[in-house]
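So that you can tell them apart, the chains are marked A, B, C and D in the order they are listed, and the count of residues begins at 1 in each.
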Amino acid sequence: MKNLRRAGYFLKGAVLNLTRHPLYSSVGILTLCVSLILVGFLGLFMWKADQVIEEMSGGLKLTVYLEAEITPGAVEELTRVILDSWPEVDDVTFHTHEEDRARNRNLLPRELLEELDPSLIPAQPFLEVQLAISRVTEARIDKMIEWFRSLAQVQGVDEVLFGADKISVAYSLIQGARNLGVFIAAVIVLAALFFVVTTTRLIVEGRRKEIQVLLLVGATKNFVRIPHYIEGVLQGLMAGALAFIVVWLLQHQLLSNLRAEALLQVPVNLLPTGMGVWFILGGGVLGLLGSALGIARYLRLSQ
Amino acid sequence: MVAMITFADVTKRYPGGIIALDGVSVDIQEGEFVFVTGPSGAGKTTLIRLLLAQEKPSSGQVLVARRNVRALRESSIPFLRRNIGVVFQDFRLIDSRTVFENIAVTLEVLGLPQKTIRTRVTHIMDLLGLGHLMKSYPPMLSGGEQQRVAIARAVVNDPPLIVADEPTGNLDPALSVEVMDLLKEANGRGATVIVATHSRELMERYRTRCIYLERGQKVDERMTGGDAE
Amino acid sequence: MVAMITFADVTKRYPGGIIALDGVSVDIQEGEFVFVTGPSGAGKTTLIRLLLAQEKPSSGQVLVARRNVRALRESSIPFLRRNIGVVFQDFRLIDSRTVFENIAVTLEVLGLPQKTIRTRVTHIMDLLGLGHLMKSYPPMLSGGEQQRVAIARAVVNDPPLIVADEPTGNLDPALSVEVMDLLKEANGRGATVIVATHSRELMERYRTRCIYLERGQKVDERMTGGDAE
Amino acid sequence: MKNLRRAGYFLKGAVLNLTRHPLYSSVGILTLCVSLILVGFLGLFMWKADQVIEEMSGGLKLTVYLEAEITPGAVEELTRVILDSWPEVDDVTFHTHEEDRARNRNLLPRELLEELDPSLIPAQPFLEVQLAISRVTEARIDKMIEWFRSLAQVQGVDEVLFGADKISVAYSLIQGARNLGVFIAAVIVLAALFFVVTTTRLIVEGRRKEIQVLLLVGATKNFVRIPHYIEGVLQGLMAGALAFIVVWLLQHQLLSNLRAEALLQVPVNLLPTGMGVWFILGGGVLGLLGSALGIARYLRLSQ
């Protein structure tokens, strides 16, 4: 009963804080909101960037040349073994003798083709193995290259073409880009947290005298702190909703811009509405964290 | 009678070197009514700060209700303060809360039910002529109105110890008398009351014990009032 | 003599509907010394706010040195204020500046040379017994010390008009007399002085004109002092 | 004389503001600093990204096939005309008959080459025209494509190969990336400005009572405002210096990280020390802007 009453006073304190100083509450909410936009917007961009890199690099492929007389059963068996052994493999497709010839034709200069008997163009059936870069890990990459190299000894397999170097480099490139992304994300998240904490700290400073009064009339630190936390969470939830709307509008604008100007096949991968929940939750957590860090040092110093 | 408050050879030196209290020893019994007086800067407010554990004595002991304030754990300080109703010299109202909320805060801290709070706050406000200012904010009040809000907040929860620092500095003579009567009444109900003041008028009106401070030292202690001396 | 201040049928209604001044008409001549008194909430501080153009009258005219305060352009307000030394009821000191800097600010605003400022500030501080507090910050001062700083700031530039709102509420009787003597001296040098106060002691000491306010209305006006009435 | 004195008081006011409230001045400086880091760091990244894209796209090339019997003089003349007409052209290199044959050889499948008479491989001298993508503008791109197309009619020129489509798409891609960069930069700059302004606004709010006192004792708005501006500039200069140091360290760290992990040929293009001046100037401007915007509305409302 008494606890319920106390909870009521905490909530009331939070609402008083929120409503009685419009400057503080609007700055509080907007700071959280802009921070979330920064993090959310750049998160979005980085997430897409991962996709873009994956697409641009054309993925990592290896070609397993087969002997001309291989049976469909053996092909199927080989495909299964590859898929089962390596979760990194995204897809294995079989290409026939004719498909290979068509591919080789395309590699030849026009002038040459005119003088050439089509049957002279060499051809061979092969398996195209597509790796999912995002699933490739540093630890397994060497083992994988080794395994595929040894595949050449298997019955029915003629040769494995893949340039181990190329895979390593592409992998490194992607890893580098990802590192860069993490680095930038870290800088931005830290900056956002910094802004949220300093803003809260300034607001607490502006309320210094009021907090002192509360302490002087016998309020415990929790009596001061808990409404402040609740206020932070409430602000965060509002800021999260606001930020989601803004980021959604921004990316909408940005994507239609890109599509119009750059003739790009950007996927219409709009920010899913479900993300809104994450924004709001993130806002709440950020608000709580900011208010907690913002008041902590202050309360530790005051009696 | 039991000593409600004991100052035993208390010295308070502020950072910067000013000695605000210098070897002060005082005993105040439960249920007493005491004036503390002395010129500006004598240490009256400092004495009150020590009672509230707002400051720690540089040396000597301060005991309030037999608890040594210096040895109090930080987490116990709020519970000490809940037993002391203080009228601060500079009022210390919360600017962003209404007069009603300012007075109610002492009771909310105690976790009293909303209904009790409403009754008690309304009652004390009417008593001090603040009834029409319920929803005003402190910066919108006159000096005397602010002072009365501070007084209302100090007495609303009927604390066993009431400390008033210059509680009538902004009040006209008629209101001053009313406020003093209010404190006297609380004293009659058993509360220990300490009033720090310069006002001779105030002290002359009542026959009570009066402690004289000067430059941080207790220089005199006697009964005041028309028939004293 | 010329009217230094004229209130012509002035009404001040605060947002919220409270009528703080209600049809007040007053003339104060250049070089006069006037008390304004009345119970808490009578409108004394409001009267001073109108003089300073801190508030505009709801109706009626306020003239200070023949300038209509209401018609003053915003950019002229600082120049009006430089001619008025004000002791605010709540002191209004700058917490982040030392006592010296707080008093000096009135002179810096006028653009006086550093040396003149130093001489004048030091002089007034000594006069009010603040000499040793030069480098202290207001939150470290006692109530009476703060009030004296506020007084020092109001008189340091020898303004033609001095307005003091309850200037002795936190001062002991001896200091109160000193402060009043200081104001009297300034008055003797030609300054117009207005003191708002509740203190009967203060008013009784001097034979001067006294304006009585009640609920925003001027209810009386007469000479005070031992030999009045 | 009086003005000089007044300037002295303004400066003194600024220094008092800076020194008397450590929380406000440290938050002020740090906010400016973090804002500059955000802008500076991402500016740096975007600037490098431009470089990276330019390199990755391999630049835009066109090939002008020449007739076998063309004279060296005519080649030189043609090179000069191209370079003079199009500032967008970065470089024109001449490749001989033999070089072309070597290039074509590389295009052929191994199996085929074994059976082929080398002299059968066709070859032709050509000019390789390298475009500087960063100098290509939307307005001139169509005209340029037109001009090069018409080059085929010129004496000595056999054929111009360039896939107008490819140029357009690559150009659009780069343009899109640049747009995206501008978009992100705008979001970050706006966010940084927002944080600086709200922080200043909160600090002004914390000083509200002090400012009111100044106004009440007869200070003009300029007397309040100018020290505040000076304070903002001083904070900005300090923040700029600090931010430059941090960004320099960050990019140093980042580059050596990338080089180690990704085997990338990242240029050792360290942030030139001269940029420090820009950081400090930028800090000063941002500090001034923030303090001006932060106090403006407040002073307009107070009397």
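To be clear about the criterion, contacts are C-beta pairs under 8 Å (C-beta built on N, C-alpha and C of every residue); 3 or more make two chains touch, one makes a residue touch a chain.
Keep in mind that this is a model prediction, so the values were computed, not measured.
In summary, no chain was found to touch both chain C and chain D. Note on connectivity: the fewest chain-to-chain touch steps from chain A to chain C number 2.
When chain centres are defined as mean Cα coordinates, D lies farthest from chain B.
Summarising the inter-chain contacts, the pair of chains with the most C-beta pairs in contact is A-D.
Computed centre separation for the pair chain B/chain D is 66 angstrom, with centres defined by C-alpha atoms.
As a whole-number value, the distance joining the C-alpha centres of chain B and chain C reads 29 Å. The distance from the centre of chain A to the centre of chain B, each centre being the mean of the chain's C-alpha atoms, comes to 61 Å.
Work out the mean CA point of chain A and of chain D, and you get 25 Å between them. Shown for chain B are the residues that touch two or more other chains, of which there are none.
None of the residues of chain D touches two or more other chains.
The touch graph of these protein chains is a ring, one cycle where each chain has exactly two neighbours.
Pairwise, the chains that touch each other are A-B, A-D, B-C, C-D. On the side of chain B, the complex with chain A involves touching residues 52-54, 74-75, 77-82, 86, 88, 92-97, 101, 105-106, 108-114, 153. Residues of chain A touching chain D in their complex: 23-24, 27, 30-31, 34, 37-38, 41-42, 45, 104, 107-109, 111-112, 115, 120-122, 168-169, 172-173, 175-176, 179-180, 183-184, 187-188, 191, 194-195, 198-199, 201-203, 205-206, 250, 254, 257-258, 261-264. The touching residues of chain A, when paired with chain B in their complex, are 2, 5-6, 8-9, 16, 20-21, 207, 209-210, 212-221, 223, 303. Chain contact summary for the complex, chain C toward chain B: residues 14, 16, 38-41, 44-45, 89-90, 136, 140, 142-145, 147-148, 165-166, 169-175, 198, 200-201.
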